[in-house]
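The structures considered in this document are given below.
Two complexes follow with chain A in common, the first pairing it with chain B and the second with chain C.
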Partner chain A sequence: MLKLSLSRMEELFSRINGERTLYAPIQIGEQTQFTPWVPDAAVQMNRLSTVKSPKDYFFPHIEDIAAFRVQGKEIEILDVRTEAAPFAVFGVRACDAESLNLLDRIFLDDPIDTFYESKRKSGLIITTACFEPEETCFCGVFGIDALSPGGDIATWIVDDTLYWNALTEKGEALTEAVKDLFEETDDMAVKAAQEKAQTVFDKLPFRDLNLDGLTGEVLMKKFNSPEWANLNPSCLSCGTCTFICPTCHCYDIQDFDTGKGIQRFKCWDSCMCSDFTLMAHGNPRTSQLERFRQRYMHKLIYFPDNNDGAYACVGCGRCVQKCPISMNIVKVIKALGVENDV
Partner chain B sequence: MRQKAHELLSSGAVGAVLAWEKGELPYDTSPAVFRDAEALDKMVYNGFCGSNLSKYLIEQGKQDEKVLVFLKPCDTYSLNQLLSENRVAREKLHIIGIGCKGKLDVEKLRTQGIKGITGIEENETLKIQTLYGDHELPREDVLLEKCLSCKGKDHKVYDELIGEDLSADTEQGDKYAKVAELEGQTPAERFAFWRGELSKCIRCNACRNTCPSCTCLKCVFDNAHSGVAAKVNATEFEENMFHIIRAFHVAGRCSDCGECSRVCPQGIPIHLLNRKFIKDISGFYGEFQAGETAELNSPLLCYDLEDAEPNIISKREGDN
Partner chain C sequence: MCNCEILIPKLGIITDIRDETPDVKTFSVTAPDGGVVFPHMPGQCAMLSIPGVGEAMFSITSSPTNTAFMEYSIKKAGVLTDWLHRAETGQQITVRGPYGNAFPVEGDLKGKDLLFIAGGIGLAPLRSVINYVRANRKNYGKVDIVYGARSADDLVFRKEIESEWDGIDDVNVHLTIDRAQAGWSGNVGFVPAFVKDLGFTKGRTTLVCGPPIMIKFVLAALDEIGFDETKIYTTMELRMKCGIGKCGRCNIGSKYVCKDGPVFRCDELAALPDEY
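Right, the complex of A and B next:
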């Protein structure tokens, strides 16, 4: 393990940024967002969750996939694909790092999404342990250890020191390049801080959220549960939860008429949108209730059924904090889980 | 409130109750429709019931039943606007006006560095328990933006009132202060301000969907043939256009309920666009508050022989 005084973070950021583009949680107005690092940026080490997750850098909100140039009756198809430039994201939390492993299951499975693959190869994730979880955090429910985060390099901030540990080859390579800034150390201080913080994790309101009974075996029972009719009416069917979620991965393909041709792009879709799953023949989901149900069935039943039991939620708590009317996955789990067997 | 809801639901006078349901945390109340008197135990009314229930009445109104709805004073302006546009049928509603001391914004606690909130005791001073120790804060420091320019204690439409005497004297801040500040800037400064704010937009549509004046059956942004995208910024100015179009469309109909800014996950002060329109309309045509009554009387919808020509109006700017 390596260590560095927090007073030298600017130097570290500057060095990483020299090698590649660096993104970090930076305060903008009253909110913290992952944005490109610039010298003297207000990097937030303590605010846990950014409004949006770092998912954007791997699976952007919008991405051109092809273009068409129209001249008379001729249509030329243009390849707009580019290799992603190297980049690093600093300050990723354990939940968000795990969300990328979930996205890998979708986009790196056959047929591979080359847009995502390119960014995943070029991107380096530097995680930071959470010593002060929020009341909305429940990553532990999904087996994520916020005190020992994943990614390519894990870091821990204890008092005024950054502890640094490379976890992958990519992480080792970056570490070599900046090693002269660091000092070698043992993990005693990190262990002590982890033990102390564990007592807070043991008190989190959602620590005992029970996922039992949410499996593919009861798919139809959950699909037809009367609870949906109770939960759905509060939902405004806005896309806040889906757009701030680190694991939501549905996308749409649309054409933008540039006047001289077509820019074909993929963009995040949201099951909350009325045109979600709209196809030439019509839409299999015509009501708000069906779209609301889709979001939670996808995360809690379909995804684990297709992915060795892995739920499409990492307990980051963003939807708990940001839903305009406070309807969220925790309430849905409680209403539909084994404790309320409906 | 619960007793009244129980009474009306049990007697069959109403088929549903639209109110708020307590959540899992001290602040996460959700709007809810109650059909079962037993479930009313979960009904709650506290400082975190800032959401405006009026718009839910559009969807609720499609049911063949009467509904009991609890409205705060400011929510009744939105309902009047919906009634004036025939989006909600008055005879299907039993409206109970409830008192309000201003509602609270949990984000304001977070921006003050309070985290790990496990309990909140509401009094003039808020006592907040967290995983990391206790805090005390004056209630007025945590009020929602919309409550800083409260419309007052009067309910504009109701069948009965409960606890209206519990309404506190609320802030009557100058709601146009920020608008006036922006008006005083150069066009370039103003453009920079709005580009900075609106470029944060993630196109989640929360502002539109919560807005009691956004009641189009199919929004132009949801129309795949309109050439504009609903869920992404296909060009770098599209989010600006979205907000500008929306502000124009609700001009003269927006009651300034403030829900747009309350729900924005990115903290964009969307209400300032609407307030600019409200300020201008009041300046050009005389003081006007949408939703004051259920009559369709917006200056932008009514023609009056006294109305000035548009060019006269623009010349009149600044001297009214």
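Right, the complex of A and C next:
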């Protein structure tokens, strides 16, 4: 393990940024957002929740996939893909780091999404342990240890010191390049801080969420559960929960006429929107109940069904904080997670 | 699986356009230097697009045994399909695929007595299987095709049915239309009732395609006659964007129709939520 005084963070950021583009949780107005680092940026070392996860850097909100020149009956197809330039994201929390492993299961499954793959290869994740979780955090329910986060390099901030530990080859390589800034140390201070913080985690309000009823062959039973009718009536279909969720991966494909040609792009979409599944011969999900059910069935039943039991939620709590009507996955788990609901 | 660069299409040229019905046309498409844009198996689909107009999924209605060109039968339903109906031969389009699974023509269908049941444009995906079976006739048993449409004018592939399929090589076609009309001497009535009237034996392996409502009634009719669910295949149609199980648009329960379908065995379908 390596350590560095927090007073030298600016130096570290500057060195990393010289190596590859650096993104960090930076305060902008009232909010903290992952944005490109610039000298003297207000990097939030202790602020836990960014408005959005760093998902954008791997699966951008909007991304060009191809371009076309159309003339009379002729079409020219232009490949606009570029190799992603190396970058690093600093200050990623354990939940958001795990969300990328879940997105890997979708985008790196055959056939591989080369747009995502290229960014995943050139991106480096530097995580930071959470010693002061928020009330809305429940990553532990999904087996994520916020005190020992994943990624390529894990860091811990204890008192005035940053502790640094490379976890992957990619992480080792960056560490090598900045090593002269650091001092070697043991993990005593980190261990002590972890132990102390564990008692905070043990008291989080959602720590006991019960997923028992959401395992095994329960798809039809949960799909037909009367609980949905109680849960959804007030959902506004605003889509907020899907756009801030680090594991949501639905997208749309659209064309844009630039005046010089056609740009085809993909962009995030939301299963909460009424025309998501609209077709020429009808719509299989006409009511908000059905769309609401789709989002949570996907996260809690369908995704695990296809991915060795892994849930498509990392307990980041964003949907708990941001839903305008206070509906969220915690309430769904409470209603459906118990084993013997009818 | 998909032999194309993900989401980036290939170029195709419309070399022939045939009117099937007032709102369905069949388009022949080749690669720029001739031949098919990519090989496929019966039941698979492709994303066709005119950049700036739209992109949509269509069944490849030609048989893989036709390596000279691909065919798509397209019903006018919205922006892209209207545009294609106004297109002329020589028009270039973009094509990506093939997407989805296929009917098990080299698996469970082999050596079986086959019953095809289609309504309207639903004959398009089955035509690929039918012509594959005809090209490899000795590998399959009896072949019966029950096909219905609103009116005689709405029957697609009518010329091909009459001149190449019916009564040839032990293939029998049974046509029906919803309401009687002048000049029609065939059966009048809906497909599900007609299937029951024809009295097929239970041993048939059955392939059903058509509007969702027709499929539901046909399956109920087959169940009534005592057909075995595990020998009935059908195809599903849901809104699609990516075609590769990633954009999250086309799921029925935990299955993505673009990837795990569009062909489903009825017992598989019965295990999924009724959300299609």
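Quick note on the criterion: the second predicted complex is superposed on the first by the 331 of 342 C-alpha atoms of A that agree within 3 Å, B and C clash if a C-alpha of one lies under 4 Å from a C-alpha of the other, contacts with A are read in each partner's own complex, and residues count from 1 in each chain.
We adopt the following convention: a contact is a pair of C-beta atoms (placed from the backbone, for glycine too) under 8 Å apart; a residue touches a chain by one contact, two chains touch by 3 or more.
This is a predicted model, so every value here is computed, not measured.
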Task: Look at A:Asp269 in the shared chain and tell me whether it touches chain B only, chain C only, both, or neither; answer first, second, both or neither.
output: both
Output check: A:Phe206 vs chain B and chain C. Expected answer is one of first, second, both, neither. What do you get? first
Check your understanding: Where does A:Asp257 make contact in the superposed view: on chain B (first), on chain C (second), on both, or on neither?
Key -> both
If we overlay the two complexes on their shared chain A, which of chain B and chain C does A:Pro226 touch? Say first, second, both or neither. neither
* To do: Check the residue A:Ile106 against both partner chains and state whether it touches chain B (first), chain C (second), both, or neither.
  => second
Let me test your reading of the model: by the given contact rule, A:Pro39 touches which partner, first (chain B), second (chain C), both or neither?
neither
Query raised in the report: Of the two partner chains, chain B (first) and chain C (second), which one does A:Leu278 touch, if any: first, second, both, or neither?
Result: both
Figure out whether A:Ser326 sits in contact with chain B (first) or chain C (second), or with both, or with neither. first
Intersected contact list for chain A, partners chain B and chain C 252, 257, 269, 278
The answer for chain A against chain C in the complex is residues 65-66, 68, 70, 73-75, 77, 79, 81, 106-107, 109-115, 219-220, 223-224, 249-253, 255, 257, 262, 264, 266, 269, 271, 276-282, 284-285, 290, 294, 297-298, 301-303, 305-306
The answer for chain B against chain A in the complex is residues 21, 23-25, 27-33, 51, 56, 59-60, 107, 110-111, 115-118, 130-132, 200, 202-206, 208-210, 218, 222, 224, 227, 229-235, 262-263, 265-267
In their shared complex, chain B is touched by residues of chain A numbered 28-31, 48, 51-52, 61-62, 132-136, 200, 203-206, 230, 233-234, 236-240, 242-244, 252, 254, 256-257, 263, 265, 267-270, 273-275, 278, 320-322, 324-328, 330-331, 334
Contacts from chain C onto chain A in the complex sit at residues 1-2, 5-11, 50-55, 75, 77-78, 81, 88, 90-94, 211-212, 237-239, 241-242, 244-254, 271, 273, 275-276
